[in-house]
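Every chain is named by a letter (A, B, C and D) in the order it is written, and numbering of its residues begins at 1.
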């Protein structure tokens, strides 16, 4: 069975998704255990694949037994190996953690919710594992469609935001599809490796250049790269909490992975970095994205909205890091895909727990939350510190690589933008901590009212235990990812970067 | 001029597809009515389908369903040149399904928006949002 | 907004036109697309699968993985519509409307009024005016079985002629929708419940994915139908042919069910009353 | 000599970190303080147990995790780190005792949080002391900033919030904005961040680059309160006095100067700085801070604020020590960490004790206080002597060495700065003592019998005051450690 791990990690959730639908009509109690079992199996399979990749290098799986370019293949190397594990882990944890909210909110359509949830995860896993450019498109659409549905079920403006997301997402996917079509027109193949082999002869063709730009534009739209981010904050901020803690960490990150994959595997660095010399301008765009994202985050007082703008900035980190085109920058971008997934998950899950407890959604509603929900807030603090980039949380180490990449490339604008955004994040998060910690504040010295035991002054109203356990796990992961950053980079990321890149 | 003209004559399918993409995109962005936007989106998607199907065309070939029907008498070899490229058709079957699915979800969301705001005009929806 | 739209459109159009000079001519038989991969499919397809329709062979076999997700996409769309729109709340009982079936007269009963006796002759309706036209009604009743039959033919004959699960499924679904349009949703519900539709859609895709899993269990790669040979008692090529048929049936089921589900939810905005 | 690979440094750091959740979860004050004392004593014992080996020239090291290729989180105990660790861990015990008196005396709120953050801060301080490379140092440095933030903002009123913000903005802002890029630049240039006796930067960078990096580090470690990044320190005085005492006289600010010291000696190397003639710039910056700080201190009426500005000035002595680049100067700078710590903590303890006993914060309200609280004011006097640098207190030794260092480096202006500053110190401290003791009955604002503060508040300053005197006669092991460290740096 080990040979089939890479297929299983997609097939198992897919098959179970349909079973969950059926279970939803027979007995709703089966939906959650089935889903959890499927995602657990997926997670184990992804770890298995990663272990195999680590041992034997690239793992290939030929669907229907046909080798590419005739058939579709799954191709897992070190790059998507770690992304797969990250997706599976976040999806599983989120499923476990948000169960109390989901069962309360979607009691009447539990089967549909979990089916869509698993299909979304399947789509993301499939995007990551596939070696076929067109198959990628189909899976992008799976992930997107289920995402629109899940986001559209949120309160307030969710349906409108989701519809706008649908428009933008469809345009992005269509642009990507056009790009693939141009490539197919030019080469006659759809397999990534085969494309890479057939492209160099026709690098000078206008077809290849337009295909490149179409793919890049489509992916930038899908990942919410400034200024194509307009759909992102609304969609993620208005999404129901259990969904936003799934899509916010994963969807944009997977799209960035796709960009890295397409640039490294299909077009190869020779074309992307050397022939086009696009790097400089892309990095400057990323600088603008980072700065703009940070300012936008400062300008809002809604918690989830602020977090989504941070994602806009973080997308800038990764795109910029990748387009620096040197070893440190690309390592940083790839490392940040994983790290950002973990830390975004952490803060969004904490935000979900907070919003579930108190109805408000602006940061001013968080008064006194440290006393009310100490564990949740502790997790939120860890996530925040990681986003700020305080060692030894993982956010620091990817930032480290990104900045050294910027220094190595002599791109001081990018370095400055990263530092600037760290400082803004510091302000953003401590603004929240301050409110949650100190308000309602009293103008007294000595605090005679509290009788010395402030901690027990307010009744603790924590999130459900299940959520807490998951949140704490996520927070611990942030430290683990940080402390093992060196091993992750040496063990996986360095194998991804072609030898030609210094 | 002549070059453009000959380009048009030899590649008019592609010209049409680009035109359709542009029309669809324009509607998607400029129109303020959600259903019109959805229609624009669909036009753009259909244009992509036209593009792919055009790739598959081969002059002097027929549809890719083999003549020697029941396949058993394989003694007369199949000539690839006789049949058009099946792959784009396969891909477009997928793309058609995707566009139908997207359309379905888009309509469902539009209905939800209509239930919520009582209108499908973006300006009016925006006015309602600003009011609250 | 218009200016932005124009700029975007021109940029995209310009980009698309930029590549145009390097396009091969339309219908060029020696373009890369026609020479690299497609000859293999055309020359090998029938020999590998016993399906002279190369599109079917590629769709359901060589690129069957894509097609499986295609089915999953359509399934998600149906489910998404259900998820987004379906409302389970009971309608308020203030005013009720009934139609006298033999005459088509509509009864309006205010709050507290009594339900008409002899419910065989009355049926509950949802809006004041319900189109009810005997000619359309009967015509559609007559057409529907033929459409369904044709749909089955399209599914089954996908190996030999244009057709297959998607096309057949859509036709079958269209037949049901036609019935729903000519009558009303309630009459369809009596014949095909929402629950059944959901089951069918899930089962359809499950047949597809399950076939793949069976191949996997039997020692092959996912969706490699040739490993079904032992189970079906035929040779590898024939097994592929059968495999394609099985998954076409699955796809047909799923597409049919999803089409109906989309109609159910979109036409009644999720309330599952009479619909349009 | 190969360092001894030992778990002890990590254990010493972890002790208080492990104790933190227990302290936070304690249901009664006694249990909480029991944990605090236990952690403090174990910590001190662990540090102390490494002392003999370090005095014998050994080093301890421990590698936690390899976080980046070629770069790990490494702990390393050498003479200088030992010196700092010894000072902070020993003073934590005293401060813990004092905290109990102060916090209970004022019936403060959220004491669990207070003691927890205190414990975490101490972990971070030791982490900085034992850091084997710049990355590790940076890690603990940030940890310290974050752990002390709730302490600074302890009172949760508007003033505390503003100060807390200022504190964070200065310390974390500067470290992210200046230290982080500088550190990355060093890594980029050399591929190494380990503290080496003669630095790692030599031969890797031009003079301009070195100069820019130097200033990024000196100002980036804003905890050292080198002007103009000093104003967080007086603001942070809104914190409860034990916090000001331990953190803003010992741990936090000393971490700042320690970091500068370490970076300048371990990353740049004294030779490099001497060759490029950059030491003089450091001394210049330090001198300006010394003189300005002292002058501002003169004008402050709030006792704690006066102490804060005095601290700002005194910290720059240490920076000055490294800027002199001579063995004597380095030694002087290092032992000043210890001497100033004992002196200044005594002063803060006394200020707190006065506040607890009388509620007075301003110097103008303290006339005649010596009669009411002779022991407290006596301790204050000794502390003041030490900070001024007069015998028979430890402060004299460090100033002596600094003066010798400036002579050794042929920097006469520095000597002048030192003397002027001492004079200014005397001007702002001695009148306080004088007015407290020697005033007429009419002038005295306090009548009634002697009334010392509670015992928990009284004993700690007496102990530290006695220590200050003892250190003059018997400055070991600090002097020995400082000499060893200076010799290792080969200045």
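Heads up, the rule we're going with is that a contact is a pair of C-beta atoms (placed from the backbone, for glycine too) under 8 Å apart; a residue touches a chain by one contact, two chains touch by 3 or more.
Just so we're clear, the structure is a prediction, and the values are computed from it rather than from any experiment.
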| item | value |
| --- | --- |
| Of A-D and B-C, whichever chain pair has more C-beta contact pairs | B-C |
| Chain centre separation in whole Å, for chain D relative to chain A (CA means) | 43 |
| Gap in Å, rounded to a whole number, between the CA centres of chain D and chain C | 74 |
| Between chain B and chain C, centroid-to-centroid distance (C-alpha), Å | 18 |
| Between chain A and chain C, centroid-to-centroid distance (C-alpha), Å | 32 |
| For chain D, residues that touch 2 or more chains besides their own | none |
| Sequence positions of chain B contacting 2 or more other chains | 21, 25, 55, 87-88, 91, 94, 98, 101-102, 105, 108-109, 112 |
| Where chain C touches two or more other chains, by residue | 12, 16, 20-21, 23, 31, 33-34, 37-38, 41, 63, 66, 70, 73, 76-77, 80, 84 |
| Every chain pair meeting the contact rule | A-B, A-C, A-D, B-C |
| Complex interface listing, chain A residues touching chain C | 4, 7, 11, 14-15, 17-19, 21-22, 25, 61-66, 69-72, 108-109, 112-113, 115-116, 119, 122, 126, 132, 134-135, 138-139, 141-142, 145-146, 148-150, 152-153, 159, 175, 178, 182, 184-190, 198, 205-207, 209-211, 213-214, 217 |
| Residues of chain C touching chain A in the complex | 12, 15-16, 18-24, 31-38, 40-41, 61-66, 68-70, 72-73, 75-77, 79-80, 82-84, 86, 88, 195, 198-199, 201-203, 205-206, 209-210, 212-213, 216, 220-226 |
| In the complex, chain A residues that touch chain D | 385, 388-392, 397, 400-401, 403-404, 407-408, 415, 419, 422-423, 426, 430, 434, 437-438, 441-455, 457, 482-487, 489-490, 494 |
| Residues of chain B that touch chain A when the two form their complex | 21, 25, 28, 34, 37, 41, 44-45, 48, 51-52, 55, 87-88, 91, 94-95, 98, 101-102, 105-106, 108-110, 112-113, 116-117, 125, 129 |
| Residue ranges of chain C touching chain B (in the complex, touch as defined) | 1-2, 4-6, 8-10, 12-13, 16-17, 20-21, 23, 25-29, 31, 33-34, 37-39, 41-43, 45-47, 50-55, 57-59, 63, 66-67, 70-71, 73-74, 76-78, 80-81, 84-85, 160-162, 166, 262, 265-266, 269-270 |
